[in-house]
């Protein structure tokens, strides 16, 4: 199963232990980080506070402050932390369950007081060979955003930077803009994956034309697999964002709408590109199969040419290798030369025939 | 037909005997259990009563009690029991017919006083080789849930457990939550089937890469068959649950809505995964066909190499095996050696050619 | 064209003779019965009258009676009868045209005073080899149902029986229930066709695995053809019945709605099954093609093994068949034995190679 | 390019000369008739006038008469005629442009005072080998219908006949009924094309089973091409007619609605049939490909049988053709007979093996 | 990567440098022109002013004039120009970002004061081998149109000409008609691309029938690629234009609606044609694959005929080449002739067999 382990997994859902009612909190994923890392950034236009805390209770104060607070949790295996946070910020048990049961389909749920968003973050592993998926859950409240990730490392560093340096409008806007920024960063990172897929397609196409072999099709197959995973992450995203746009929730300011439209456009563009890639890749399978056939054809031609030239010649030689007493030709002075001549003639005729058939 | 019997059946519908008007009650399935087992669980937050009864009349008292009653019938061949229950709980004849005519498509019907739900429960047989389908019919009334199953054994044991031990909120909620729990349990069991399908796909993929043979494609075909069955069970489920969510029936409490949304999400996720699996499997057929072609290619290459090397050599030997009187070479001192040399040269040239062609 | 005649026809539409305005009544089908058979059943809860009449005028009296009258016409070639009926029951010329121009697509048309329904009845011919289609047109009025069939023999015998014996509720219900019963009988008969298709698929699948030959694919092709016909009959049915359900016509009682929902469910189930069958059958084509490839592979292997073993051996024999004067080996005492030994060695090496390649 | 000229063209659109603003009138097609033919039929229930005129102005009087006037223009290369007509009947420049820029997609445009309809008329050429397309533009006014055709010859002769002989209701109805009749005639002519396609499919199927060759697939390909053209003409028709049905234009009388429903049904039926044909034809490609494979298989089997029988035998003969001095068998009295016997045995064993493999 | 560079690119999106907030203006494309060219045409029915300016500020005056002003920017690498324009004409930062981030999906955005349109202009490169894409962004205001192009050279020359020479109605209409004209010109240019694709398809089809080779499939693949690009440009266009038609923006006059309907029809026609092309091309892959198979079949037949004729003959010669002492035939007077006769007979029988098999 080692081989399989390297492959991107199509279906990733961990099951809650049997016998538990819905809403019971058990983390079902593998423990991907050693310790849970809790960080917060609290800001408004003038002020900024950023800290890594070891007790989740240290973030509770921000629930009532007027500033925007972004609490980020890396690592989900410590269920207690999630539970405490959930109780403090009044999250529904099913929300907490969805956070812990990673492998969810991207979705949007509007609980009046907060909006719950599940996204899939895709990252290429170091060798660019496989795409890894990680669930990012976002809770958007009236003055806070809480994000949950399975492990350390994300695509949000630019956002942190912009908050710290007050670049752009992020410090002037509310938590909905922050949530938008998180979604936008994830969608933007899909473009990187797409770019890499595109490159792989280009390389495979060249390989297909130049020198296709059994590995090529397996790589095409792998590519398909990655595209299936990407599709599964992006298609629901479309609904999600269009849901955000159409929501009448007071949590989303009108001014954020334009930005959501922008990220929606990006999502559509990603979907378009994936569908184009699918078309390309399925055409590549045809190319591959026909190139195998062509190769077989070439092999057959060589065999046929050699065999059809020499088989008749060998037959002629065989005839004069017979030991009959009365074979007058054998005694002729120029018999041998004549036979050699005949053989050359037969070979030439064959060659002309093959040339005519365009096999040579 | 033994072979066929082992395969999962695509189409399972038993026909009512000819000449019967709609609404006549005849069980059309095979008798899957010896005797019908009738059990009930009656509960509210404080009290709990659970019993297996032999007369269905023993359950009738619960029709008017304020507690939640779950009556479960395992085995449908005793039409009388169904009929009596139906009369007592005022079920429409067509409902009873649908319960007995197993093999129905999952569906939801809202008869003001009760909601009728048909589901398909899937179970893997012991050897995990085939998926078996069983119809589960659920009648949800204002203070009762009646479930009908074709045979003993189901995926509801955890629910019974939660009721007995008052785990989670089930004892505090009404019959709609119980009905939701039953649906949820069935949907959750689909994930198990999916998991097994996923594993089979992984194994088949490895087999395809390592050592594909005729069995492999048959297994892929079987896999497709199982996916078709799963699809047939899940797609209607989506409508069903979204119907439950949108219903304005007084039988569904608002608080259950959130849970229905959760199970709806799961259904979508299952559908997504099935569609991904379909994509994967159809890619596997390509892989298989091309691997056959590649194998054929390899066979042809060996034949071609051997044949094209030795056929010319044999021809040369044939020439000097001729019995012409005047063949000067035969008398030469080094004739034999020269011919052997020529043969080696021909062979080497051929080998170089094949190497250039990358056949070696 | 005899061969073609046996095949189920995909497209069956007879053209009206040139130059006729729309609404002109000409029967375009073949004359499928000798004489037109006209029968009526007139009933209410207490009374029942059933008769075969030779003059269509004998049915006219029922137009105004309060009882439910079912007039059935078998055979359409006598245009006059249709015309008279049409005039008496005030049917639109286009309706009469649709009745006579058989091969119509199933459809529903609501002319306030009556509802016009066109259905396709499918029957298996005696040898179960082909599916035959027959158009059934139904006119549902406020107190009558008129049905038109192309030939004798239908799937309505059970309904007649139920009317005669007052089984079920049919005698208590109005003409809409009768019309529903007719539709239901036709839909139910599709299940029989499906069952037969399913069996054919099972048999073909076994054949595919055991011993596929050229006939197999032709049978698959034939199967596809039958499925296409079935699809063409069933898909429009769905619209038709859902149209009946949603109609606001006073001719359909509310109580019949539930029954229509039932037959609608059946239609959906049939469509589902056909689509599953389609999936299966297209998978079978893959199975077939790959089994041909596998067979070719097997043939090639035998050839390659025999050829690659014996070609080098024959070459060696050829070498020592040469007539050079100076071939020292020929004179050696153990030369012959040595050569035989070498030959055995070559053969063994080859066999080991093939075993390693898993060709043996 | 001669070959191409015979093929039905998929894409037929002529481009307006560069630099012209929209609405400039230039005929872009080829000149398909020598002189433009202008005819009119003017009628009401009592009167009828039919004439071919050489000046388009002769038709202008009918603009204000209460009778129904049908002006038909055959040939579009004389732009002036179209322009004059357009000015007189107040047609929008874009309408005139669409009339002249043949190769338009069938469409319906409602300009309050008139309705503009573009249709594609399909005609089989004399040898039934190809389908030719011709654009028919229809302008339906309150008391006139103007039709524009690219060349002489159409499918409207029956309509003219019905007008002349007052057959059916056409003389009693308004211009909308006339327009309907034109559309109906075109749709009916599609059935003829379908019939021919159906026949071709039947013939090709028989050929496929009996004796498929390279031409067969090219014919299938050609068939597909024709079906694509038919589809392109029919699909938009559906929208067009349903648009006519739903229009609230005063130009369409309610009584014509039923007739439109009828022609709509026909359109759906044509679409259904085309889709079925598509399914059939794609199945035929499979049949063809597998029949090639089967033929190859048969060829390989013959080669394999002959080769594997004779190669070992030849080897044996080769062995005893060697010239070793010490080959005791050569001196044996029955050596030759024994060897012959061995050869026969080998051949028999091979034949039994092939029989077991079912290759014989 | 040179090879890849020549191919049309499926996915063209440049990424904004990391760490920038949305709305930051950075041109992400390659610098396709040396210097940015700014031109304006200012006109009403009587007046016309056209000029190329070097400072974008020279266009600012037109913001308030009542005349229609068309400002065209060729080249996007000078971000300052875009920024100044944006500030002057009050464009949203996201609009400016979309202009600079070329490779956008065609789209329409309505910002009350102006409408923002993104289109893809396709141009064939000189050798007609590849299709190049260029983003054209259009801002339509109440009295101005601003268009942004990546490089010099466009399809708008006819429009400029019509403005200069007051041809058609363009000088009488507002900026919305100008914007329509730009869109129309781009859509019209798609027809040219289609025409070229159509020609390529025709040529490839002839090649496929006459003499298919490995290049052919690669060309088909390339064709598919171009069609995918075209599709990606055209499908969103459909939404875009239908959005323009349905918009309630005051910027679009009602009279322009008809023209938009016209361009909408063209878009549909292009989509139809692309889909037909797709169907054709996928049929061509089948043709190609079967032609390879047929060629292989022909090769195999030649090999089989030659081999099966000569292998038995060689065997016979081999038998009489054996050196057994007691081979009575060898001494017969007519032995040699008899053997030759037998050989001829065998060959003739074989030839008759092949003729019967239709291999000759």
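Order of writing sets the labels: A, B, C, D and E. Residues in every chain begin at 1.
Criterion: contacts are C-beta pairs under 8 Å (C-beta built on N, C-alpha and C of every residue); 3 or more make two chains touch, one makes a residue touch a chain.
These figures come from a predicted structure and were not determined experimentally.
Trainee: Where each step is a move between two chains that touch, what is the least number of such steps from chain A to chain C?
Mentor: Tracing touching chains, the least step count from chain A to chain C comes to 2.
Trainee: Through what angle, between 0 and 180°, must chain A be rotated so its C-alpha atoms fit those of chain D, rounded to a multiple of 5?
Mentor: With C-alpha atoms aligned, the rotation comes to 145 degrees.
Trainee: Taking the mean of the C-alpha atoms as each chain's centre, how many Å separate chain C from chain D?
Mentor: 26
Trainee: Taking each chain's centre as the mean position of its Cα atoms, how many Å separate chain B from chain E?
Mentor: The mean C-alpha positions of chain B and chain E differ by 42 Å.
Trainee: Touching two or more other chains, which residues of chain B qualify?
Mentor: Residues 289, 293, 296, 300, 303, 307, 311, 314, 318, 321-323, 327 of chain B touch two or more partner chains.
Trainee: Please list every chain around the ring, with chain C first and chain D second.
Mentor: The chains follow each other as C, D, E, A, B, starting at chain C and passing chain D next.
Trainee: What part of chain A is in contact with chain E in the complex they form?
Mentor: 158, 161-162, 167-170, 181, 184, 188, 191-192, 194-195, 198, 201-202, 205-206, 209, 258-259, 261-262, 265, 268-269, 272-273, 276-277, 279-280, 283-284, 286-287, 289-291, 293-294, 296-297, 300-301, 303-304, 307-308, 311-312, 314-315, 318-319, 321-327, 357, 359
Trainee: Enumerate the contact residues on chain E facing chain A in the complex.
Mentor: Interface residues on chain E, with respect to chain A: 1, 3-4, 7, 10-11, 13, 15, 18-24, 92, 94, 98, 104-105, 107, 109, 214, 217-218, 221, 224-225, 228-229, 231-232, 236, 285, 288-289, 292-293, 295-296, 298-300, 302-303, 306-307, 310-311, 313-314, 317-318, 320-323, 327, 329-336, 339-340, 343.
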